[in-house]
Amino acid sequence: MSGRGGLTIAVMVLLAALPPVFYWTGNPFYLDLATRLVILAIAAVSLNLILGYGGLVSFGHAAYVGLGAYAVGIPAHHWLYGGLESLGLATVSGYVQFPLAIAVTALFALVTGLVCLRTKGVYFIMITMAFAQMIFYLIVSIEEYGGDDGLVIDTRSELGLLNLDNPLQLFGLAYVSLLVAMLLVRMIVNSRFGMVVQGAKNNPERMATMGFNTYAFRLVAYVISGAMAGYAGALLGNFTTFISPEMMDWSRSGELMFMVILGGAATTVGPVLGAIVFIVLEQALSTITIYWHLPFGLLLMGVVLFVRGGLAGMLSRNKDR
Amino acid sequence: MGDILQIQGLNKSFGGIKATDNLTLAVETGELHAVIGPNGAGKTTLISQLSGAQRPDTGRILFKGRDITALPTHRRAHLGITRSFQITSLIMDMSVLDNVALALQAREGHSFRFVQAARSVDGLRRKGLDYLDRVGLADKAEQQTVALSHGEHRRMELAIALASEAELMLLDEPMAGLGSQESHEMVDLLRTLKGKHSILLIEHDMDAVFALADRISVLVYGHIIATGTPQEIRDNEAVQHAYLGEE
Amino acid sequence: MSLFIIQLLNGLQLGLLLFLVASGLTLVFGILDFVNLAHGALYMFGAFICATLTFALGNFLWAVLVALPITGLLGFAVERLVARTLYTRDHLDQVLATFGLILVMDTAAHLIWGPQGIAVPLPPFLQGQVTLTGDLVLPTYRLLIIATGLAAAGGLFWLVNYTRLGMLIRAGASNRTMVSALGINIQLLFSLVFALGAMLAGLAGMLVAPITEANIGMGNSIIITAFVVIIVGGIGSMKGAFLAALMIGLIDTLGRSFLDDIFKLFMSPIAAENSAPAISAMLIYIIMACVLALRPQGLFPPKVR
Amino acid sequence: ESVKIGFVTTLTTGAAVIGNDMKNSVELAVEHLGGKIGDLDIEVIFEDDAFAPETGKQVTDKLVKQDDVDFVAGYIWSHVLLASRKSVLDAGKFLISANAGPSQMAGKLCDKNFFSTSWQNDQTPMAMGEVLNRQGVKSLYLMAPNYAAGKDMTAGVERTFKGEIAGKDLTKWGADAQLDFSAELAKAKASGADGLFVFYPGAAGGAFIKQYDQAGLKDTLPLYSVFTVDALSLPKLQAAGFTSVLGSRTTQQWDPTLDNAANKKFVEDYKAKHGAYPSFYGAQSYDAIMLIASAVEAVGGDLSDQDGIRAAMKAADFDSVRGKFTYGNNHLPVQNFYLREVIEDADGMWTTKVVETVYENHQDSYASECSMN
Amino acid sequence: MLELKDVTAHYGTSQALFGITLDLQAGQVATLLGRNGMGKTTTINAIMGIVKASGGSIRFDGQDVTTMPSFRTANLGLGLVPEGRQIFPNLSLRENLIATASNHLGLPDPWTVEKVYALFPELEARAASMGNLLSGGEQQMLAIGRALMTNPKLLVLDEATEGLAPLVRKRIWEALTAIRQQGMSILLVDKNLADLMKIADRHYIIQRGKVAWSGTSDQLNGDPEIRHRYLEF
């Protein structure tokens, strides 16, 4: 097994084992932390599909997470306060909310992708951000759903036998979702479809000459990625039980990007590793000092300047030796 | 057999420069048709218009009788047109074999296949190695493309064009950057393609052109000043003057 | 009518201020091909340094003169320590590293100057208002900003497009190795350009300080707008940055002033009152999305990227 | 044994000025209590919400789950409080707002374990509307940031102001908030209104005042503000010499000049320690600690006696720096509101003084929506 | 004038040069020959400091340039026409010529834009075109002109005639002959062996990163065995 395969398994096993141990030893807060981490890791994994493998640097990915969360929050809100019954959208059923999250984000990705994918490079970065900001200000202006005050989700999604109010079960669902997301992305990038997306990252002109309509392939990848992020958002809404436009802010998209790059773009375990390091560092440093941004920033810079290929690159290289 | 490609009254100008000037040309099915001409005559521009990378201002391009003037590049590739690039254009961060495998994959029809791993598709790998072998790069198959030398890149360029097995190949200076020995090998290789594919060859290596071409057209300032057999062209005074020198 | 003219001037002034920030960014980004998110942090440092110096030297203008070379030096240091190793990496690495730098610089500013921000007093002759005609009255200081912005725009345009230095900078952007192999000390050149970019950012910060104030986080709010400007204008194009900055300054100002009145023409006053601010907040993003949908390379893409 | 109090406020970003003032005041309160309530040590854990509801909720979760505090207090921002509310109340702990006053929590979302030592958002601007009526202002131009509290503020003043609204601008707020108000000021001037009402908290306040000054509007368009000019912005404005703020009017439930013993002690000790006036944020935070102390003392330090603590808090039986107040059914103060004017004090420091009492024992208008009684 | 001793070089962990030794006298023309991928370009890049030599020494004009940054080496009088042209795409043709022009050695009668146009009349009409829009051959001519404009005393040409029409190629050989008569030295990589034989004094055949054979044109001409073994006619 290659160094990276071993690393992936080690990381995933630890991630499965540690949080419940925390819970049972009377540290429920660390289980919460792990749940948030795992959910953000799903979003990072989805971003990695287009950013790492496809070279499509989406600076608006947090908007998908946010939309996914609102797809849980808005039906729950109407279920409590009325409205939208005719559309069947006044509900707390997870079987409605989760598909809704996926559908809404996929649609949003499709519509904006049609425009965004005409641009390249930094133009793409900025136009994805622009669409995310529009969603941000749109939600801010809808007073019914709390505007910028956000929306409290009073009731979590109902999912058959699963009880999401139980932190362990919620963690379990998130963890399994992460595993599935990782396997899915891995399968996609290794497939023929994935090869085309990767080829288009480096040389779209050559790909067109070979006979690939790169625009269509990228659009599909973009939609898949968006929908996965939407799913992560639905989980996040259930976890925090509070959602606000703030979670779609461009700095949140930036954080997802950093998780991917920090951990190692275009690797299976990279985004997860990035999420772990990002969240754990954030938590650990911020309990030490309110000036934690200083060491945190220095660490980020250090990683970029001295470690190429992200943490996954560094760790698996050491193992190979 | 008829013409696989007909170019009718093609025009393309950049600002004040007429890169293609009312150009009319036909390539017969199965022939190797060489286009020669001075630097800046508009040869690459012609290929770009044929492959779909650039849009002509006016004029028509017919492929097997069908008007393809407005089709995008990838559609033309599906119909059976491929090109090689004068200025190397490869997928630098993939392996040499992956580059060729992608070209093969493109021939399979659509690539919206999400499940099976591409590298485990036996046909793609085996055939890919075949094509690499033909240009002498089989032993570099697993290397990253970026780590190859210039001449090796030029040969990959050709391997990809071959792998597409297109009915019409537009080759833009395939010999450029090759060593003298490699050039000879390449001439032999191209000879084996004759008859199976129709080829539009652009080349400044006159030895190669005269050794291979069924017909030669001479392009100067965007239009064809002469078309004929190699012998006719060699004897043509205007061509001597505009292009060949006393060679 | 005179309100409209005043708003035009206000828009012009906002646009020129945006241009000052964007010009440094487009210089470093378009020319060195380096995405510097920390450009905003340099803008903030410019404002803080100038604010401190204003109190130390007792005069805003002197403070600007002294603060400019200091921000230049700061840019020089950032180039040496961070940017230099990143030129050959891809944009993502640059984004990540300079994001780290933002965190460091913001916290440093918090530690040095505290969280409260500094209000900057103007010398008396800049404090008043100038009456242009009748009821056309504009704060004197805003006119100074307009003049500075125009001067900087002219100077930069000339530097990049008509000097050999400009040619070298552009050449270096596309192929460092080759410029170096042809005998030019590209590292030094890049350091200088980076320092110039930092000075432009700093200058913008200094000019803003008397209007808003020197403030932690001021850089983070401007940086996105600055990116929007250079994207709409076409990355690396001074002309594009200039025109886009003016356009965005004008549209933003006019949108804020007249959008609700316009909306009232075809919707209820309540709806207009609610949607106008929402739309005007989104306005620059809408502009950017529209521009890019029609021209994926921005309005004035430099001839080559 | 100790009483654990979690205190959530903003300690980073530009808004940290507010957080620091609150922190200073909390520390002063603990000092005044001698570090003890009865036999119990006071342990205050400060957490930074970074001006973001999500972060605020996270640190609240940490306080509740990890540190297991007895009281969670603080909260500058409405959205942070709304986001964190459930975490505290579901865990059965007491939640005390030292500033934020969203209408939901005064009305529908009121809770037996939620108390406020501040006000409901609408009250302060309503008082200002009343003042404007008394001063005979006929038409008014409104400016506020475009977010929930901004809208509450303009709604509040519109509810009581009887004259005509000449125009209203809601400006962009958030991470890339608008700080250049030239266009709006030009509009306000052109509208011909008699007065300008603004709400710009934090750094935006200083920026607004300066531009108001530079535009030379002092004489033509008098300024009436809420939560804009305070002890945090005045020193900066004074340093930069923006004299047009002197004489401007603002309403508030507290002022450093309020004449009661607790306030004198608070203001004087604060000034001695920090060389500046405390702000109303600080005053409310000081009160929050004193409220907790009075309740814990009332139950003799038995922290498990939740009902006793609740009843004691409801009684508000402590020396508030705003003078005596009572709690309404929704656990929000029923209190006076004053009109204050910016002046220069005897030592040459800029501060405020009370001009008149606008409301006496004023209760917010959402109390009736609260199901508690 | 130029002296390489046991030069080795690596790309990352893979070694490309295994000890190149060669020297070139003032006023001489030398060539590097060999099949694709043998290390010709790497040798040239090591001389220019573009690839750092990992061992051995490189001396130019009496100075050790082994670890010198490439702009210093260039300023000592080395002019490079790189493989693949490497024209500055975002500069006009004319700007490409003047941006890096210099005369560090103070040569009398230096190259000017006009002289380059006289050598390559094709270029003059395209003076205002952006570098990347030029045809392949135009770029090649421009690359040569650009190197001449730095007024070097050693001109290094890496496949400088790639993609040029026969007529232009001929003109370049003539120009090189003339330049050489003015005392400039030249180091050449090219595939047109027949032309090289006419102009060059010495040849170095590079095989897997080492000099496998060196000698004069006459020696090479007279030794079909060598040609067959390394160049495989």
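Labels A, B, C, D and E are assigned to the chains in the order they are written; within every chain, residues are numbered from 1.
Please note the rule applied: contacts are C-beta pairs under 8 Å (C-beta built on N, C-alpha and C of every residue); 3 or more make two chains touch, one makes a residue touch a chain.
Quantities reported herein were computed from a predicted structural model and do not represent experimental measurements.
Colleague: Could you give the fewest steps needed to travel from subunit B to subunit D through chains in contact?
Modeller: 2
Colleague: Which neighbours do subunit B and subunit E have in common?
Modeller: Both-contact set = empty.
Colleague: Quick one: point me to the chain whose Cα centre is farthest from that of subunit A.
Modeller: E
Colleague: Could you find the chain whose CA centre sits the greatest distance from that of subunit C?
Modeller: Comparing chain centres, B lies farthest from subunit C.
Colleague: Could you tell me the distance, in whole angstrom, between the mean C-alpha positions of subunit C and subunit D?
Modeller: Centre separation, subunit C to subunit D: 35 Å.
Colleague: Please tell me the distance, in whole Å, between the geometric centres of subunit A and subunit B computed from their C-alpha atoms.
Modeller: That gives a centre separation of 44 Å.
Colleague: On a C-alpha centroid basis, what's the spacing between subunit D and subunit E, in Å?
Modeller: Computed from C-alpha means, the inter-chain centre distance equals 75 Å.
Colleague: Starting from the mean Cα coordinates of subunit A and subunit C, work out the distance between those two points in Å.
Modeller: A distance of 32 Å separates the two centres.
Colleague: Give the residues of subunit D touching no fewer than two other chains, as numbers and ranges.
Modeller: Each of 12, 146, 175 in subunit D touches at least two other chains.
Colleague: Which residues does subunit A have that touch at least 2 chains other than itself?
Modeller: In subunit A, the residues touching two or more other chains are 140, 250, 291, 293.
Colleague: For this structure, give each pair of chains that are touching.
Modeller: A-B, A-C, A-D, B-E, C-D, C-E
Colleague: Taking the complex as given, what residues does subunit A use to touch subunit C?
Modeller: The touching residues are 51, 57, 115, 118-123, 125-127, 129-131, 133-134, 137-138, 140-141, 250, 254, 257-258, 261-262, 265, 291, 293-294, 296-301, 303-305, 308.
Colleague: Along subunit D, where are the residues that touch subunit A in the complex?
Modeller: For this pair, the touching residues of subunit D are 11-12, 48, 52-54, 57-58, 61-62, 65-66, 78-79, 82-83, 85-86, 102, 146-148, 151, 173-175.
Colleague: Show me the residue ranges of subunit C that touch subunit E in the complex, using the header's touch definition.
Modeller: Counting only subunit C, the residues touching subunit E are 164, 167-168, 170-171, 173-175, 177-187, 302-305.
Colleague: Help me check something: in the complex, which residues belonging to subunit C touch subunit A?
Modeller: Checking each residue of subunit C against subunit A gives 29, 35, 82, 85-86, 89, 91-93, 95-97, 99-104, 106-108, 110-111, 224, 227-228, 231, 235, 274-275, 277-278, 281-282, 285-286, 288-289, 292-293, 296-298.
Colleague: Under the touch definition given earlier, write down the residues of subunit A that touch subunit D in their complex.
Modeller: 27-29, 32, 36, 140, 143, 146-150, 152, 154, 240-242, 244, 246-247, 249-251, 286, 290-291, 293
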